[in-house]
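In what follows, chain A forms one complex with chain B and a second complex with chain C.
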Partner chain A sequence: MSTDPLPLKKEDLLRAYRTMRTIREFEERLHVDFARGDIPGFVHLYAGEEAAATGIMLHLGDGDRIASTHRGHGHCIAKGVDVAQMMMEIYGKKGGACQGKGGSMHIADLDRGMMGANGILGAGAPLACGAALAAKYRKRGEVAISFVGDGASNQGMFLESLNLAAVWNLPAIFVVENNGYAESTSRDYAVAVDSYVDRAAGFGLPGVTVDGTDFFAVCEAAGEVIQRARAGGGPGLLECKMIRFFGHFEGDQQAYRGKGEVDDIRANQDCIRKFSAQVIGAGVVKPAELETIDKEARDVIDRAVAEAKAAPAPTAPDLLTDVYVRY
Partner chain B sequence: MATRSPTIGLIANPVSARDIRRVVANANNLQIADRVNIVLRVLAAAGSCGVERVLMMPDKGGISAMLSRSLARERGLNHHFPDVQFLDMDVCSTVEDTFGATRRLRAAGVAAIVVLGGDGTHRAVARECGDVPIAGISTGTNNAFPEMREPTITGMAVGLYASGRLSDGQALSPNKILDVVVDGRHRDVALVDAVISTDRYVGARALWRTETLRSLYVTYADPGAIGMSAIAGLLEPVGRREPGGCAVELCPTSESPKWSLLAPIAPGMVRPVGISGWQRMGADQAFRVGHQAGVVALDGERELAFDPGDVVTVTLRENAFRTLDVSRCLHLAAADGLFRVSAP
Partner chain C sequence: MARKISIKDAINEALDQEMARDPSVIVMGEDIVGGAGSPGERDAWGGVLGVTKGLYAKYPDRLLDTPLSESAYVGAAIGAACSGMRPVAELMFIDFMGVCFDQIFNQAAKFKYMFGGKAETPVVIRTMVGAGFRAAAQHSQMLTPIFTHIPGLKVVCPSTPYDAKGLLIQSIRDNDPVIFCEHKALYGLEGDVPEAPYAIPLGEAAVVREGRSCSIVTYGMMVHRSMDAAAALAKEGVDCEVVDLRSLSPLDLDTVIESVEKTGRLVCVDEANPRCSIAADISAQVAQRAFPALRAQIEMVTAPHTPVPFSPVLEDLYIPGAKQIAEAVHRALSGARS
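The block that comes next holds the complex of A and B.
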């Protein structure tokens, strides 16, 4: 029997920490650069929610596909999309993940199984059903995951997708990232059935709710749901209760949030701090090892920003490329 | 017989029965709409039996919002319900809400607290309720503590007690508790069982991997129960009301245990569990946990991680808190004709 105090080997714990820290640095930098006017379009930041993407994606390979949301940077990084190409894309530069023509809400990398961020709320769910149907036919044990927010789960296509996945017994997992706010609207006002597990149960899917700020809770629950789907057990739903450090979008004044709410969650519900305390407390990782990763993550983001700023913008002829795909 | 305040408290946990056992064990799911319907039935029955006011824990899980809509609808139909007021408190959607609500209900002098939840929810209320009795309704997964009973009947019993028609001696029963202390730093309680697991993290909280289990302590053990206490129940049953408890030493079945016991550790999961031995627990006798590092699970949920060198003790306490004996209340009411509205 394993004598490891935590459910992952040290190298996996360090990999998870590096992923979470890279997402945090990426988002914190975008927060600053967007305010300075360096970035075109909109950005929706994932800071504070890193444990969910990381704890789930740790169980996936490149053959497993995900459909992300408008708040997709964390999903991209955790799925292995190149950070420099992501930054170039957000800066709208040639060489970006979509050649600078998509921006923050359309980053995709099919080689990594990342089918794309998506500005249409809830639209990832039917895409994940399609990928899951393909996976079912391929019989390689692959799965597809759809991420949605608590607000997007009110969309009809999300509910239709739960139905389709159940009827076809697809290896599809629906992850509801519940950060409590649909843009600025509370769930009490806008959601008739506040439990997303209830919605899954309505279609005969098993669902589980976990503390999305606890990496180990997400990782353990996601592992079970994903393993079940790989083995042919069909779809499931995972609700991660989480918090976001920033507004719905950059520039959001967040008047709907309580006084001191953000300070409190940064101090007491920071998933990265929780993770660090657990791995250090268990004696598996030394603080200096995490500090080294902190510095390396900052360096990665510094380089990515520098490359993005130096990269050329798409030209007018580039508008006519990548429009159609030949199958 | 003293007249009591016809005000009761109500705590309904919106997130019980939401854990991983729905995925690994086909456990049931009780929807928010069902929970609200249970609350409505309790309120209607308690109101019919004299309760005029109910103080209720607010939540952000959907119960408060849906209940408010439902009460407005019911009152629009001229159906009678007690006055329902939500406690003025911040909601953080953790167990702290239950602790805080229980403290407020106790301070408000409610006659009893109706609890909707699993063993874990009842544990949280029992920690803070003091002398205020609990009337439990099961809405969890592996419930050994709260009864499976039609909530209307629970509401009627609460109404009888809250309105003073039944005395403490007639309506209430004492309960045992396990007092768990980790190295003097953390103190918590369990109502039914405390389990030592080799896991060093809380994770998805529920217990379902038998190879990690090392020790089990129970206040009572019913062979007809499900969950960890079923292990002790199938070895040596201990009554809910009889003195003492039971301590069981466990080991992986791969390590040649003295006995291998088939036990229903979760819904639909009947698993072999390795048993090294067991003994009765006397009241106020501290049992020191032998395992060196792991996590303490309280009433089925991993709660307290401990490190090598930490001293963990488990002590059984009797007469720790009181619960409403619903069945006895209804039998006494029948015998005394408390529900007869006119002479035969």
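The block that comes next holds the complex of A and C.
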């Protein structure tokens, strides 16, 4: 059930829409450019899941930290990482967010509280515990959020972190982005409990499940769990049930998905369409205002791609910098 | 003022002085206080061998007992290090790296490079290494080569109380992740240690015995076995030089090569298993960089390529001893190009 959009100020609604639309444009564009062979390596797209990252990150500032996943572009954009630098990074260019040394799976920007996308599933959870521990010492009411997919929710690192966060009463939040698939393996096959609320309870954490395609539901639930953590009330788990428009990685033919499944979710469960219908239906935002943002978001991505393609590649001396030990 | 204290006390003093100096230094690990949540005393253990005993009374908020959950707390130490703290995490035995290695080699080691130089990870992982405690295959290993292999990690293994204090202080102040290896059989070893804080730079070997006949390059407990061998050989008129590497990464190869250029002979001694060991690494690098200086084949003395056995008889055979080192020196001295 959706909450009334009116409690959010119009400027926040437009900001949220711009974030979601920017993520969507970013990912749709990568999908096309990857297929054309422009992009090296592995790319995992967040399209379809925008409401989760956006609804959660709306509550965070630069002092709050997140530990992301392999599917991290949406988290980065929602956390405020520069889109042009992200694109440059994905193209492996020197001006990228990580100087071209990280790539899609390792984009980080610690100044914005983004501790990194992560190629190791579940590995962000202990790191977020550490960021939450540091926040607890700083006493500024900051929080740390670990994102995991339903697949990584089975990792020992994640499960150990739930316990540690509860034992130390850390301002840590664990967001399970349940898109139904661990790579190609269905969540229902690989996760032994039906509800992540039950899994959280097993570790002494309060948990809540929301429709991750409903921005307002995510926003409200995330606000509660984040506020509790800020106030010293300890960790919590938020499960967002969401959908993945594309495959596990680009190039995935997705033969494991049901016939017509992707068409159906695109038509009926698109979180951005739902959001648009809600804010327009409530009479708060005019369609033309959203269309303006659509165009601006497309322009931002067009420019980012053009800059990334034109940017210089790293050079041989860059191979040996930024590492602590050489011999 | 220097006075004689044990390696255990030198490590405790280094932690104490750095915690006093820098409020961002926190110490965490299993039973490092001991008795958390229990009806009896706090600081019941002070670490499984008592190394952190007494610190809790001074810094109750910065000494954190952890669940038996190495992935979570080693990872949390790393995450806190990227978030403004200077954590020292104790991994009780280096053998336990198996359950938390991802956080060390895929996370901490790579952040700075992988994020284009924008992340610092000032974490120290203190861990017990080595055989001799009859602790068998999963509590006795010398796994230093595995960490040394990984770019981005610094690896330290002191052999004296003086080095233990100075190297640990430097490791805590260092902005890179440091694996600080403490040999469990050396905790009781006493030596001169100044009371005032001091830091020993990482990547500087120490020539602990000067000689002209043969270079013995080693680290950790094997420094003492090598010194015993050198003392025995001296009675035969063989004058060995002993180089204590102290830090394995970064590595002070210059001091090693200087020594080999003087003696023309090299014996590498390592408590680790032989393949891809520190001994093998030093041998290869010296062969590559200082081949003309060598007057004989390089000799290696290592543990055998087996797990650490339990039976005291077998474990004593497993650990390289002074006699084997002396034999290796003799082989080097009678080598082909003598």
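Simple rule for what comes next: the second predicted complex is superposed on the first by the 318 of 327 C-alpha atoms of A that agree within 3 Å, B and C clash if a C-alpha of one lies under 4 Å from a C-alpha of the other, contacts with A are read in each partner's own complex, and residues count from 1 in each chain.
As a convention for this text, contacts are C-beta pairs under 8 Å (C-beta built on N, C-alpha and C of every residue); 3 or more make two chains touch, one makes a residue touch a chain.
In this text, all values refer to a predicted model and were calculated from it rather than measured experimentally.
Aligning the shared chain A places chain B and chain C next to each other free of steric conflict. Once the two complexes are overlaid on the shared chain, A:Leu110 sits against chain C while remaining clear of chain B.
Once the two complexes are overlaid on the shared chain, A:Lys241 sits against chain B while remaining clear of chain C.
In the superposition on chain A, A:Phe216 contacts chain B only, with no contact to chain C. In the superposition on chain A, the chain among chain B and chain C reaching more residues of chain A is C. Using the contact criterion defined above for the overlaid structures, shared-chain residue A:Ile66 touches neither chain B nor chain C, since it reaches no partner.
By the touch criterion defined above, A:Leu127 reaches chain C but does not reach chain B.
Of the two partner chains placed by superposition, A:Val83 touches none, neither chain B nor chain C. In the superposition on chain A, contact of A:Ala51 is made with neither chain B nor chain C.
Chain B and chain C never share a C-alpha pair closer than 24 Å once the two structures are laid over each other.
Taken together, the two structures place no residue of chain A in contact with chain B in one case and with chain C in the other.
By the touch criterion given at the top, residues 65, 67, 96-102, 106, 108-111, 115-116, 118-120, 123, 125-135, 137-138, 144, 156-157, 160-161, 163-164, 167-168, 321-327 of chain A touch chain C in their complex. Those residues of chain C lying in contact with chain A across their complex are 24, 26, 64, 66-67, 69, 71-85, 87, 99, 102-103, 106-107, 111-119, 151-154, 176-177, 249-251, 253. Within the complex, the chain B residues that touch chain A are 14-15, 18-20, 22-24, 26, 29, 31-33, 60-62, 64-66, 93, 198-205, 211, 252, 254, 293, 307. Contact residues of chain A toward chain B in the complex are 1, 5-7, 180, 187-188, 191-195, 197-198, 201-202, 206-210, 214, 216-217, 219-221, 224-225, 228, 236, 239, 241, 278, 281-283.
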